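The two complexes that follow have subunit A in common; it is paired with subunit B in the first and with subunit C in the second.
So, the complex of A and B:
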């Protein structure tokens, strides 16, 4: 498929989502917005895990840091996009620090190091009541205005989030298309060889964590404004596992992998739960069981994720 | 002739085992030096000690007059020292062309400028020339990991030469390569030596290959240099025949 056709399909798909949102129920628009928010975080995680090969179970911590920065700053009257920038910068530097263990340990050891970080951040959110409100959380988080237009409405806020997601995805695509993307892949495939070819594996490892973390921080800001109330629960490490699952189910290291994975992780359980067809009524009680079985079957049959389905039938092709 | 690479009294011990035991060698500009020796004679340990992959117990390495002992592989590569490994070391999920581009892109500009650079980092044409030279055009857009061992070996070697290094250390370039490719590989190395003008140090078990390629050969046994000189001299050395060839 040539590039023009791909671009047309992509633009048509984005336009279709925008139209569907305009016609959808309020609860469905909420789900689409939530999907867009999680996609910002999973796009970042895909860079860290899928492209640079650095295991991370700490993405929800950055998501939470972004959300709490947003809650505090937006309530203090800081403009929304300034908050987005602050959250991105703070998470970038915290992610940079979290990248240091990756210079010493890899794979499941690194997974546990990042998981420990997530638990630490979660405990701070839960226990530092003066700042975070503890388990009571922070409520009344405002939604932004843009050029005088209020984004208070659910549809307006969806369009803002969706447009921001497109911008973030474009920036990541551009980054991965640059020589940095190739260096990340070299780091993932063979760090010893990469270093012997002049690839600064220290810099790229830290950058992979920092950029992935910044994306999660940005997602956290949009999340806080979406739900308007935050408490530590959504930033538990189970959310990190869910984000990692989204990346792996869709296709780790494939640009659109997180799109497929996040849609499945966020929307599939809801679709199963809401199914009104007589034959699928049992799903309303058993949807999580069915969802779990579907993920297990998928991982056994397609360990490279849904987007690797083509590779099962075709060997060799890189492009 | 001023030595390009000079190794002085290099030692590497693992407990009581002396893997490299006082090896000294020098390589001149544009020179091709072969290193032979039976398995376990310390050739690869010597390479890894020179290249910063492991820390030597004692000894010095000088490259172009600079003491580079213990420098990291990254620092050495920045100084123009390339290498290949005994086992295949390609980037399996990158295309052949991308493998070659990534092998040289980090030598162009700064980290920041590479973010703003063209996707091929301005190396597309050079990569295509290397692909042509190594006869890999028909597989240029395939994932390197899906190719045959021999083809991956060629990619591995081509990658080492992409940034036009001043010194390349090749660890068993013929290992696992189809005998029909060995002559082609030797011709390629001779051509690259002429075109790029770099110095090579080659570890190899294929005697025919090394004797035809290298004007100077070093034979190592039990971590020490047993003999060195022109191929014919080393080949006829009685101790070499006994220790290495076994007759």
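So, the complex of A and C:
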């Protein structure tokens, strides 16, 4: 397909989502907003996992840090976009500090470091009641207003989130096409060759990881404002796991891979929950069982994720 | 002082359990290049299996033996054949992801199909404690230490003194050379999976009386096992032991003197410190990179 056709399809798809949102029920708009929020985090994670080839199991920790920064700062009256910037910068530097020791060693060490980090962040959220409200959380988080227009309404807030997601995705796309982004891919494919060609492995990997973390921080700010009440629950490391699986299932290293994965992990369980059919109710209870097994099967048959299915057929189904 | 010694003893007991899970984890990594993110679930499943046999009227020792057999078949042979063998050729990351998926599936099966509650588990040791020079030590801690200690020493003897054990070490050190020397590599790798399955059952027997049998009990044990393995040195079996005991003791000391709320964070801090200053682990040897 040529690039113009692709662009037209993309713009049409985005416009379709915007129109659907305008016609949908309130709860569906909420779900679409939630999806957009998670997509910010998973697009960022795709940079770390898919392009730089690093396993991160701590995306929910950065997501949580962003959300708590948002809760505290928005309630203190700091303007929304300033909060977004603060969250991004904080998560970026925390990511650097965490990734530095881990990335000096082997690649799976980052997985362990981020996993432990997520456990620690969760403990802090739960235990430091003076700041985070502990298990009672923080309520009454305001939604922003923009140029005098209030984003209080669910539809207005969806458009704000959706537009921000598009901007963020565009920035990531641009980054990946820059020489920097090419270096990320070179790293993933053969780190030693990349190093011999003058790419500083540690610096680039660290940068990819920190940018991924910053995206999660930004997502956290939009999340806090969306739900208006946060507590430690959504930032447990099981969320990190689901985010990682969303990236892998969709197709890591493919720009739109996270879209498929995120729809599967966020929308599908909600749709099953909302349905009235007996069979679907059964599916809801067993959803995670099927999901876990599906991940195993997918790894055996299609390790490149759902979006790699085209490549597989093009090669004539050869392994 | 008395407090500190009690903390050390019970910390060592907890640490010995972490070490058992970590030991299986290191063996799998050395011999088969497998990082098993479902290691915690490999401890949780035997706990429920033993409860199941006990509910059927069997005594604890019989339940343990039956579970060992079952675990070797399912978590040893089955895991290797169904998940590891088809995936190992794709490299480490797809396998890691598959074991993550397996961990989610197994936890959800237990939660959706059986129960989300925590179930009490009978202790293999008598309750109560005895005083030794004014220090109270529980029978359970001593029993745990003795059993874990015997298993670790037995495993070391097996690996170092028997022909099969030395062949397994050879496979771990250099698979190609081992093959050239006529060692049946496939069989040795299978043994490692079987040993891992048994170690998980022993860890379940020792840990479940205090942790209770619950679908997510493996989360914490699995994490401690990874950290123990890395802290001690990923390519050394003795390292797993040292790492496990170190985490167990420090958790107890931090929980008592600093804050019980941050006990779970100790392993991470220790891990970061170790990889900053000694990336190969406390007892590990550094590995060459392969192009």
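The rule is short, and it goes like this: the second predicted complex is superposed on the first by the 280 of 319 C-alpha atoms of A that agree within 3 Å, B and C clash if a C-alpha of one lies under 4 Å from a C-alpha of the other, contacts with A are read in each partner's own complex, and residues count from 1 in each chain.
Just so it is clear, a residue touches a chain if its C-beta (ideal position, glycine included) is under 8 Å from a C-beta of that chain, and two chains touch if they have at least 3 such contacts.
Remember, predicted model here, so these are calculated numbers, not experimental data.
Trainee: In the overlaid three-chain picture, which partner chain does A:66 touch, first (subunit B) or second (subunit C), both, or neither?
Mentor: Once the two structures are laid over each other on A, A:66 reaches no partner at all.
Trainee: State whether A:112 touches subunit B only (first), subunit C only (second), both chains, or neither.
Mentor: second
Trainee: Answer with first, second, both or neither: which of subunit B and subunit C does A:95 touch in the superposed model?
Mentor: Neither partner.
Trainee: With both complexes overlaid on chain A, does A:203 touch subunit B (first), subunit C (second), both or neither?
Mentor: first
Trainee: Applying the document's definition of touching, compare subunit B and subunit C: which contacts more of subunit A?
Mentor: C
Trainee: Is A:182 contacted by the first partner subunit B, the second partner subunit C, both or neither?
Mentor: After superposing on A, A:182 lies in contact with subunit B but is clear of subunit C.
Trainee: Between subunit B and subunit C, whom does A:192 touch in the aligned arrangement: first, second, both, or neither?
Mentor: Both partners, subunit B and subunit C.
Trainee: So, does A:241 touch the first partner subunit B, the second partner subunit C, both, or neither?
Mentor: It touches subunit C, and subunit B stays clear.
Trainee: Looking at A:212, would you say it contacts subunit B, subunit C, both, or neither? Reply first, second, both or neither.
Mentor: Neither: A:212 stays clear of subunit B and subunit C.
Trainee: Starting from the residues of subunit A touching subunit B, keep only those that also touch subunit C in the other complex, and list them.
Mentor: Common to the two interfaces on subunit A: residues 192-193.
Trainee: Inside the complex, what are the residues of subunit A that reach subunit C?
Mentor: Result: residues 53, 55, 101-102, 104-105, 107-109, 111-113, 115-117, 119-120, 123, 126-127, 192-193, 241, 244-245, 248, 285-289, 291-296, 298-300, 303 of subunit A touch subunit C.
Trainee: Quick check on the complex: what are the subunit C residues that touch subunit A?
Mentor: For subunit C paired with subunit A, touching residues are 35, 83, 86-87, 90, 92-98, 100-109, 112-113, 223, 226-227, 230, 259, 261-262, 264-265, 267-268, 271-272, 275-276, 279, 289, 291.
Trainee: Looking at the complex, which residues from subunit B come into contact with subunit A?
Mentor: Residues in contact with subunit A: 51, 53, 72-74, 77-78, 82-83, 85, 89-95, 98, 101-108, 111, 114-117, 119, 121, 141-143, 146, 159, 163.
Trainee: Report the residues of subunit A in contact with subunit B in the complex, numbered from low to high.
Mentor: On the subunit A side, the touching residues are 175, 177-180, 182-183, 185-186, 188-190, 192-201, 203, 253, 315-319.
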